[in-house]
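Just below sit the structures, each encoded as structure tokens.
Two complexes follow with chain A in common, the first pairing it with chain B and the second with chain C.
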Partner chain A sequence: MTTTTQPPEQVVVPAAAKARRASGPSFWTTRRRDVLTGYLFILPQLAGVAVFVLLPVGMAIWYSLNDWNVFTGKQTFVGGENYAALADDPQLPKVLLATVIFSGGVVVVNITLGLLIAVLLNRRFRGVTLFRTLFFSPVVVSVVAWTLVWGFLLQDNGGINGLLGAVGIDGPNWLQHGDTAMVSVVITQVIRSVGVNMVLFLAALQGVPEELYEAARIDGASSRSVFARITLPLISPTLLLTVIVTVVGALQSFAQIAVLTGGGPELSTTVLVYYVFQQAFEFNDIGYGSTLALMLLSFVMLLTLLQWQLRRKWVFYED
Partner chain B sequence: MRTDARTSSAVAVPRRVRRALLVIALAVLAVPFVVPTIWMVAASVKPLAEIFDAPPSLWTDSPTLSAYAEAFTFQPFARQYVNSVYIAVVVTAITLLVSSLAGYAFARIRFPGANALFLVVLTGLLVPSEVTIVPLFQLFKRAGLINTHWPLILVTSLAAPCVLATFIMRQFFIALPLELEEAARLDGLGRPAIWMRICLPLAKPALSAVAILTFLASWNLYLEPTVYLTSPEMFTLPQALTRFTDAYGGQMWNTQLAAATMTVLPMLIVFVLAQRHFVEGLAHSGLK
Partner chain C sequence: MIRAKKVLTAVALTTALGLAAACAGPSPEAPGTAAELRMTVWTSNEAQLKLLTSIGDAYRADHPEVSKITFESLPFADYNTTLTTQIAGGNAPDLAWMGDLSKDLIASDALVGLTDKLKATDGWQYDDLLGSVTAEFSRDGTLYAYPFSNSPFALYVNTDLLAKAGQKVNPATLTWDQVAAAGAAVHAKTGKAGFVIRDFDYKSWNTLATVWTGWGAAAWSADGKTCTFASPEMEQAFTFLHDAAFKTKAMPGPGTTADFFAGDAAFTIAQVSRASLLTGSFKFGLYALPTGPAGKYAVLGQAGVGVLASSKHQDQAKDFLVYLTNPVNAEKLAQFFPPPRKSLLTGAKLAANNKVLNATQLQTAVVDQLPNAVTLPNHTSPAEIAQKGKTALDAMWRADADIPAVLRSVCTAIEPILAK
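Presenting the complex of A and B:
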């Protein structure tokens, strides 16, 4: 790229250069130089996305049209066969159900808890910074370390049942039953990451003009209706964004599941990302794994599209 | 608060009670956020026999560092630590450079196709790494880079986390007043000089947000090292943490907790010291 664009300044024949200098501005006007700089500045990022994102997506589409098992090493074009296999896969409905329950659970608990903590912390009192630090701290703890510790505490003879036992409750063997295993992965995930949404909600709450609250107070509005009629609508852009970002994040939770339950017991916590990993890297079925991966991608794209649409329709309070 | 008490002492008491209740509620709520980490540190210095004590306790009468010693002898843990640190530092440095260049160009320089190209870059945020990892594995295998750190460094510092960084930098530069740059242009400064001498020094808050987010993203990588790395001396920390199992596949609990503590504590200490940067950086990260 540089060889084709830079030379003009040096290669131009002296006579022509002189003529050009005499006749007017050189080819390299500020504007043209700017355009070139712009392209050069974005080049590394653009190339990175092209090579490490777009190219692999293209390859995944190609793989999904092939039957390719790494063990046998044979790759044959099969057209839509992998897509047809989606319908015949007896495990897929369970996986999709687990994905919906997990992502839905994470979103509901995360947004509710994040908003609750943010509302509680959105006032001035001694210790507010300390609490903010405490609630945010799991975010900087490595996912694997955090999940290992929780896996430990959730054992049949672990700390949580120990605590429950101390108050006379006989706790379940959390990770060994489908329902409680799902509850465990959701809670573990939410507590580790809710600090991010808390911070975003706090920033949004602080952006609500004080006058509105005062006006409502003068009108004698109850604090519940103030929250429903003033606070919620005004932070709706943040709310919408955090919901989508949280769903998309939940759809991509691999480490938590891998470390805490390994997708079990049976398939109860095998979410789509984990299933993709199993098909591609444990069963070495590249074709079917890629097909599942593209399904995941289409979910994420659909949600993002939905966010854009909703943002245009619902949210009136953007600046 | 003091004026409240003076104006109406009848209201002052309930208000103080309410405040106390609020603090108690928050303290209870904070338990699951804080206690696991404290328990991890406490249990890592307990003798193995005491780890499953019921009811669980955060105290031991006979603290021992044997689990810490074992973490280093069972796996090349020091080496794995160095791997994680150097990969995170390299990734963060590259990301800072790439994202501040691209973010500046998208925010400030007008060139044909800028908007379309920005959307192309943003797809990097949309595509989950689980989708690209199968083809990328094949690509890196063909390039002979499996069981090296190259896939981790290249993909992390140019794909998803870097795209988020570019987005943050762009939002920041858009909000930056133009006047300074215009003055510099009148003085005959070129774009690269303006970027380096005027804009970067002003972008410190955005750069520190990017640095924190990128470092954390790299430090936490789990899927990628699991896929690309095969020998223990190449492992990164999250991957190493899951490999503390004895010959029978049983987990070596206290060794694992000691290793986890060593992974987590430095980040927590940095966070507590610089928590304003973390929290404000995130709030301003343009996640809007």
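Presenting the complex of A and C:
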């Protein structure tokens, strides 16, 4: 066996590369190329966020510092006047109260009902698919069409009172009294949207390992403690998600209020987002409307942040 | 820290891009290019749009400086909001129909004065305009919008339903009390509604001016500065309405719908232009409004058309408006909208183009009413007044309402807006 040793091959360095080395390292390093590629990938999304979120928020901040006569286009800088007006607005406390009642009602009823339906439909029985479809189907109906139909049903001489009358109950004039009007908009909203939460809960429930239930049964755990100690902790990430999404959704509810009650009677269903619309687009007070919109944005951000921070205390993560 | 910097850089970059994209407006129009005019309207009626388009086409044939005239049909319910948003967004039309937004537009100098141009145009016949219908669209003697539609409110009667309930009314001496009595009897005997104030629906309270004017009441003083809702006359008028809704049931209560034109009510107060909704399914009568305690009266709803001051083609738009409203075209428009011209205001002329109402009905319900008619309450900030007034008036529509207190609360709610 013979081994031949060859002299090391000479590396030929091109003149251009020599010049580059002489002038220092190249700007376009692999790392920089990767960073640029990354930015190019996220650019469409960031551009969307910039144009449709950041720019409007920036403009809303600017508008909130101005008084804008929409008919002439004249803007006058008024500084914090619109913010000071928040404290003097006699309608605002009623609007905030209605917002809390509506959003709280929607979140509590929606989450409870969604979870209950999901638990009931997380079994094998004949027709379960049909029931799942039935509960989910309102989600795909247009909000306005859905609300218009409910508007007819909830009239004094409408379908709901007709049904109640058939069983001897004299139904209330649903949309004409503050309490029943609020109940009506909450229920109408929940029935339409509960299907989404139901599907999410159903998926989460089906992800809970069966052996945990078996072990609990062998240990003699009651159904209630199985639900409280196994099911709820294991679906808590989904619960957190649905709570956040439902809170944000409830704070954004507009069409239901606009179509069903127009914010009445006596402001009882005027939620903040509807009030923003009224001020900015009906009363043409863009400055004050923008101030209210920023207040709503702050509320949504604060609530989301709060829920996110609290997740460590009540959300179970396997890892 | 480095990560935060990167995110901020990305956000700043994309925001700058977004701003650049947003600020890049449309390219400026080349000089000498023929103008394209746009007029916003709230009708979607094909025949009305066809007429407007044909007038526009005829105008363009003689005016090469205008290459296109578009009639943009906006939904009536959102008309004011859409028009205002277009103006605020720098996309104002050149011409626009307007209803209760006219006061705001005039007060903000957002409309172009028309009087000089109309008077200076040969054959336009400015003096032919009825004084009572131009007041609403004028300021300091200058007309800012041509009142193309002046439709008085009238009493429609379903005579079949009255006969079924054994009721009869005499239009010559008809009073509100008689209407309420007959309406209550119809409701008691047939289950159908008595009288309905169309479009009120316990929300649009300004339509109640068709009732309270009969009691000599008004929403605010003539100068628009003082609320007069708490007056004794208004209190009597609202007591009448409240009794009709909750005691005698002559008027359907809140949350109950009844459409006169579908045969669900014995009487309705509606504009004469609503006669097109009559389908012939029942016999009807059309009369002037019933007499109130303050005597005979008339109320009308108006619509005007004006040129926006922000129009880039103000001169062409004004010129087209003059053409659109000249005596010849005014006569064509009169088939749909009661005109403001005295020469066209006869029952016979109006009936020539009306398939539902005869000359006598139109003479009594339109022509005879217009000279002394008052318009529905109109003021600057109409939407804010409407909403705040409605919120206060909601308390009225309960069986145990404290009528004087509710009316005082209406004044408390709207007076700051009136004083602006």
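Basically, the second predicted complex is superposed on the first by the 272 of 319 C-alpha atoms of A that agree within 3 Å, B and C clash if a C-alpha of one lies under 4 Å from a C-alpha of the other, contacts with A are read in each partner's own complex, and residues count from 1 in each chain.
The rule is simple: a contact is a pair of C-beta atoms (placed from the backbone, for glycine too) under 8 Å apart; a residue touches a chain by one contact, two chains touch by 3 or more.
These numbers come from a predicted model, not from an experiment.
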item: Touching partner for A:153 - first (chain B), second (chain C), both, neither; value: first
item: Which of chain B and chain C A:85 touches, first, second, both or neither; value: neither
item: Partner chain(s) touched by A:165 [first = chain B, second = chain C, both, neither]; value: first
item: Which superposed partner A:138 touches (first chain B, second chain C, both, neither); value: first
item: First (chain B), second (chain C), both or neither touched by A:281; value: both
item: Chain A residues touched by each partner, larger count belonging to chain B or chain C; value: B
item: Contacts of A:273 with chain B and chain C, given as first, second, both or neither; value: first
item: First, second, both or neither for A:120, with chain B first and chain C second; value: first
item: First, second, both or neither for A:39, with chain B first and chain C second; value: both
item: Partner chain(s) touched by A:57 [first = chain B, second = chain C, both, neither]; value: first
item: Shared contact residues on chain A - chain B and chain C; value: 35, 39, 42, 46-47, 49-51, 54-55, 155, 157-158, 281, 286
item: Chain B - residues contacting chain A, complex; value: 19, 22-23, 25-26, 29-30, 32-34, 36-37, 39-40, 43, 52-56, 97-99, 101-102, 104-106, 109-112, 114, 117, 120-121, 123-124, 126-136, 138-139, 154-155, 157-160, 162-163, 166, 190-192, 195, 216, 219-220, 222-223, 226-227, 237-239, 241-242, 253, 256-257, 260, 263-264, 267-268, 270-272, 275, 278-279, 282-284, 287-288
item: Parts of chain C lying in touch with chain A, wherever the complex brings them together; value: 6, 10-11, 13-15, 17-19, 21-22, 80-81, 84-85, 87-88, 90, 104-105, 108-110, 202-203, 253-257, 309-310, 381, 383-384, 387, 390-392, 394-395, 397
item: Chain B partner contacts - residues on chain A that touch it in the complex; value: 33-35, 37-39, 41-42, 44-57, 59-60, 63, 117, 120-121, 125, 127, 131-146, 148-150, 152-153, 155, 157-159, 161-163, 165-166, 187, 191, 195-196, 199-200, 202-203, 237-238, 241, 245, 248, 251-252, 254-255, 258-259, 273, 276-277, 280-281, 286, 289-290, 293-294, 296-297, 300-301, 304
item: Contacting residues of chain A [partner chain C, same complex]; value: 35, 39, 42-43, 46-47, 49-51, 54-55, 58, 68-73, 91, 155-158, 173-176, 262-267, 278, 281-284, 286
